[in-house]
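Next up: some structures, all given as structure tokens.
Both of the next two complexes hold chain A, though its partner changes from chain B to chain C.
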Partner chain A sequence: METGSRTAAGKEMLKLDPRTKLAILITVGIIMMSGKLTGIEYILRLICTCVPFLLLISVKLYKTAVISALILFATVLCEGFVIPNTKGILNLMIMIICGVISRFGPGYICGWYVVRSTSVSEFVTVMERMHFPNIITIPMSVMFRYFPTLKEEYLSIRDAMKMREIGQSIKNPFTYIEYILVPIMMSTSQIANDLSAASLTKGLGAGRKRTHICSIGMTCIDYILIAAMAAMLVIFFVF
Partner chain B sequence: MIEFSNVTFSYEAVRRDGENEEAAGVKDLNITVKDGEFLVLTGGSGCGKTTVIRLINGLIPAYYNGEMTGTVTLGGRNIRDMSIYDISGQVGSVFQNPRSQFFNVNTTDEMAFAAENRCLDPDEIKRTIKSTAVSMRIEDLLDRNIFELSGGEKQMVACAGINVLSPEIIVLDEPSSNLDHQAIKKLAGILRSWKEQGKTIIIAEHRLFYLKDLADRMLVMEGGRVTAEFGADKIPELSYERCEELGLRPFVLKEIPFMRKDEKKVCGSIELKDFNFTYKDKMHSISIPELEIPEGSITAVIGNNGAGKSTLVRNICGLEKRCKGIMRFRGKSLKPKGRLHNCYMIMQDVNHQLFTESVLDEVMLSMTDKSLGEDEKAKKAMDILIELGLDAVAEMHPMALSGGQKQRTAIASGLASEKEIIIFDEPTSGLDLHHMKLVADQMKRLKETGKTVFIVTHDYEFILRCCDRIIRVDKGMIGDEYDLNEKTVGKLLDFMNINDGGNENV
Partner chain C sequence: MKTKFEIKDLITVGIFTALYFVVTFIVACIGFIPIFMAFMPLIGPIFAGIPLMLYFSKVKHFGMVTVTGIIIAILMFITGHPYPIFIFCIGAALITEFVLRAGKYSSIKHCVIGSATFSLWLLGMVIAFFFGFREAYFASLVDGYGQEYVDKMQSYTPTWMFFAMILMCLVGGTIGGLLGARVLKKHFKKAGMI
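Take a look at the complex of A and B:
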């Protein structure tokens, strides 16, 4: 699973505006993280559980979609129907396991979807449309590019550790982290240096207007989805 | 026209990653580059050629700080009166490391990036990208994830980005360092088309063979000064011997003599059996039912990008647990885990395998023998460091060393772990003649101590210098394997497909 990359053209069935994606992410995050297990909030939670499934389907990751949907529904249903009927240690265990998965899982999947389905230039375009200053936009857009870089670096470092037969993570967690972090910081700061230099020679000047080749725009579906998200939040907070 | 008059520049501080060597300044430089000229800058590491490039594309003084006297003018304007944004419209840059020159993740976005920054009309940009891709025959590289591309493909994307904006001046800083011969050929083709369009091209490079028919003029630099100059009429006369004298990589690879006489002593062999492996992305795989490699020799693993060279050595090394293959080595049958105990790989980017705070610690970290005390370990480590000429820097932080010293530190830790098979992944990429020779000598020393060495490489000159055996990987299978001697040199040269000096138009 690659993060930080837009899927190639034609791979997405539904192209959402990045603002819609953010609205979905925030709504699902809030409702799943803090929703109660009874009444209207529980129904909202059930609805939100479907969202990751639909998003994954829209980027054609059918297998991941089905598996994650099964897990998420199982945990949410457990919370609704099993937890009230159990007691003691069993109750506690189910509550902790289901709680962690159902509260963090959907938000995680939505976040992953946002990063994966939005290209750097789409992100920059939208941030500019929303009148964010460059000082915020540019570092954040570089972050997008950094996820896959970090992954590449991490994998090579892990290989190097295997060859040295050092840093077994279980025996010595702190040494392990040190051995991973030191080379990562060194090589990423080098990459960041080169990257800034390269961007400067391509005319990424502060405070200047840019044009964009990506077409970003709110469609009918975007408005419907944003309205739906707003409605859910209103219900969630009012009732 | 670009004009340097009495330019002296020195960098303000030594960079902590030890690249001060590479980034040495320039002294009293007087260079005039005419419009439409193809100028090659060459010379050993630290000769100042990168600084010249940076003075032209505006990174000096905008990004790199230092002290500068004299003037550099672009088309009559002093660069000090221009912002880097102004310069970036006139000068396009291609950098050495394809990994770190892209701002975007998507290739099409990256090609558009410079043009977007100049506020060109989006529809116009899209049209230009399309026509550029067609003329460069890289339609298949559009709308891809940068992280899935090979080094050669990334350099193609960088060149395409320049074509979209089409500046009058193009500077390139060692663009071929990470490329195989096929990719270099493509690069030469692009350079040719730029030359035909009348662009002014300034290229800093160690590997000269692909520039033979392109260069109008070549400047050899040393210690920040120009020490020799050759016009288009003189470049074809530069023989292998003359290049060697000047400390340069040769212009014509065919001329490199094969001069090794060392008798080969084969004491045993390493056998690989059933090396079948496919990555999860199903893109790269190898299938090698049987392969025999003489023990105690230096084997070059060659092949085009994506042929499976890295996959093969990763499997030999035991880094892929799912590989069911067996390696027979000194009477033992080794599975991946066992191979990890016996093999050590020096990666292309050695920064990934240096973990500790001093060179000595780095070497001691590899000594897993519990019967040794700390003092004994330190003594043994020092012996290894002396052998590799690293004793003077034993207390330094590995990250403060030069590239070559880092590589030797990694070798030292491989030696300390007493592994018998040492694998190198492109150890000479981006090295000048002098440093390449040092690495070749290092390989020979490893062989003398009885180690078996594998080298993944594209460097023909380097292979001639030290390798005994060639394994050519093709589409995940062994395409060819032979001992390197007078008779087989021609075969190797044919594969490298460079008899023509890389002047074929692609």
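Take a look at the complex of A and C:
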């Protein structure tokens, strides 16, 4: 379960503070979800489309970076230049397809990057520094760690179903969902038990102040990036 | 009945909120197509109700569902939903909390009702279409999504739709809850996991 977060952390070119990553995630999320397609906001959207590309490059996933950048740019340009010139049902079709990709895509990639490149320890330490209460921090860190696991679980369940030739010809969607969801729920409650045992061993329940060995600190780049994100949000909301 | 939060509870909250959120998010993506948007409050809770029931069966004291509500609100806010989502998430979570408490955290009937009331947070996602937000929101959408899309959206969401959506949430949540209860009985009770 650890593999997802650990392998990527070692080979980053650019090490960002988790606070910076959160700022990027929020900015890209807000601008891509609710940005307009005209004027200054369209330029902001174009800038935000570059962000996932740069983030993926920084964890050395060149191929993924190029492919996703091509798709995202195609959809955003499509929104800007094709949609105003089409009408009727065609307009609606392009609108929906491009809309789903360009609005959820960048946020999804940024979120994936944050989960992938931040270790749980870093995340908890930073949340502690920002004075979030434990009651929110611990569930959230568990969530962050659980998302990649969920995907792995889903893939292995799908494999298992293929192996036994279930799932190709199911007519009733509820049966299909039951076949997927029930094993996931089973493993989820198992993982919950395992994690509580593990965290007890690590002394999370001791009620003392937590110590850590990961190095967290804002560097020059962090300040520049946070300032840039804040500036973008200000431009976004004021104009 | 315990009242204090333990680490185990917090982990349960985290992991089941993650599962619930993923299921809801996948269904919500379908909501981008205008006609489905109107029925999203009905479809969403039906699917999401299944993991939610398993979660409720593990909730043992006051406060856990509220934390789930707060976390969902934060995640929704990060992914670009307007601020009323906080009011709806926390409100729905608190109502659910009292419903579950009335059933002493062990009655299946109360869990089903709780599943219905918890689904009400979905209204926070669509509140922008209604009431005081309506005009300004659609005006901002015209630039973002194009006139055709907005016209479609507007025609699917007259004001009475909001009240219909409340009903849809409750009905969808109940169906989801009953479905979840059946799944739990069929798979989890037998395996001795509850």
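Note that the second predicted complex is superposed on the first by the 215 of 239 C-alpha atoms of A that agree within 3 Å, B and C clash if a C-alpha of one lies under 4 Å from a C-alpha of the other, contacts with A are read in each partner's own complex, and residues count from 1 in each chain.
One rule holds for everything that comes next: a contact is a pair of C-beta atoms (placed from the backbone, for glycine too) under 8 Å apart; a residue touches a chain by one contact, two chains touch by 3 or more.
This one's a predicted model, so the numbers in the text were calculated from it and none came from an experiment.
Engineer: After lining up the shared chain so the two structures overlap, which partner does A:91 touch, if you call chain B first and chain C second: first, second, both or neither?
Structural biologist: After superposition on chain A, A:91 lies in contact with chain C alone.
Engineer: Per the contact definition in the header, classify A:204: touching chain B only (first), chain C only (second), both, or neither.
Structural biologist: Touch partners of A:204: chain B and chain C.
Engineer: Applying the document's definition of touch, where does A:135 land relative to chain B and chain C: first, second, both, or neither?
Structural biologist: After superposing on A, A:135 lies in contact with chain C but is clear of chain B.
Engineer: Per the contact definition in the header, classify A:33: touching chain B only (first), chain C only (second), both, or neither.
Structural biologist: After superposing on A, A:33 lies in contact with chain C but is clear of chain B.
Engineer: Would you sort A:182 into first (chain B), second (chain C), both or neither based on which partner it touches?
Structural biologist: It touches chain B and chain C both.
Engineer: If you stack the two complexes on chain A, which partner ends up touching A:60: first (chain B), second (chain C), both, or neither?
Structural biologist: A:60: touches no partner chain.
Engineer: After superposition on the shared chain, which partner residues are touched by A:195: those of chain B (first), chain C (second), both, or neither?
Structural biologist: both
Engineer: So in the superposed three-chain picture, is A:107 touching just chain B, just chain C, both, or none of them (first/second/both/neither)?
Structural biologist: In the superposed model, A:107 contacts chain C only, not chain B.
Engineer: After overlaying the two complexes on chain A, where does the chain B footprint on chain A coincide with the chain C footprint?
Structural biologist: 141-142, 178, 182, 186, 191, 195-196, 199-200, 204-205
Engineer: Per the contact definition, I'd like the list of chain C residues that touch chain A in the complex.
Structural biologist: 5-8, 10-19, 21-23, 29, 32-33, 47, 50-51, 54, 58, 63, 67-68, 70-71, 74, 78-81, 140, 143-146, 148-149, 152, 179, 183, 187-188, 191, 193
Engineer: Using the touch definition up top, name the residues of chain A that touch chain C in the complex.
Structural biologist: So the residues of chain A touching chain C come out as 25-26, 29-30, 32-38, 41, 83-84, 87-88, 91-92, 95-96, 99-100, 103-104, 107, 134-136, 138-143, 146-147, 150, 174, 177-178, 181-182, 184-186, 188-189, 191-192, 195-196, 199-200, 204-205.
Engineer: Enumerate the contact residues on chain B facing chain A in the complex.
Structural biologist: 17, 57-59, 62-63, 83-85, 87-89, 91-93, 95, 97, 99-106, 108-109, 112-122, 125-126, 129, 143-145, 147-148, 161, 314, 317, 319, 340-341, 343-345, 347, 349, 351-355, 365-366, 368, 399, 413, 417
Engineer: Which positions of chain A touch chain B when the two form their complex?
Structural biologist: 2, 4-6, 8-9, 119-121, 141-142, 144-145, 148-149, 152-153, 156-157, 159-167, 178-179, 182-183, 186-187, 190-191, 194-205, 208-214
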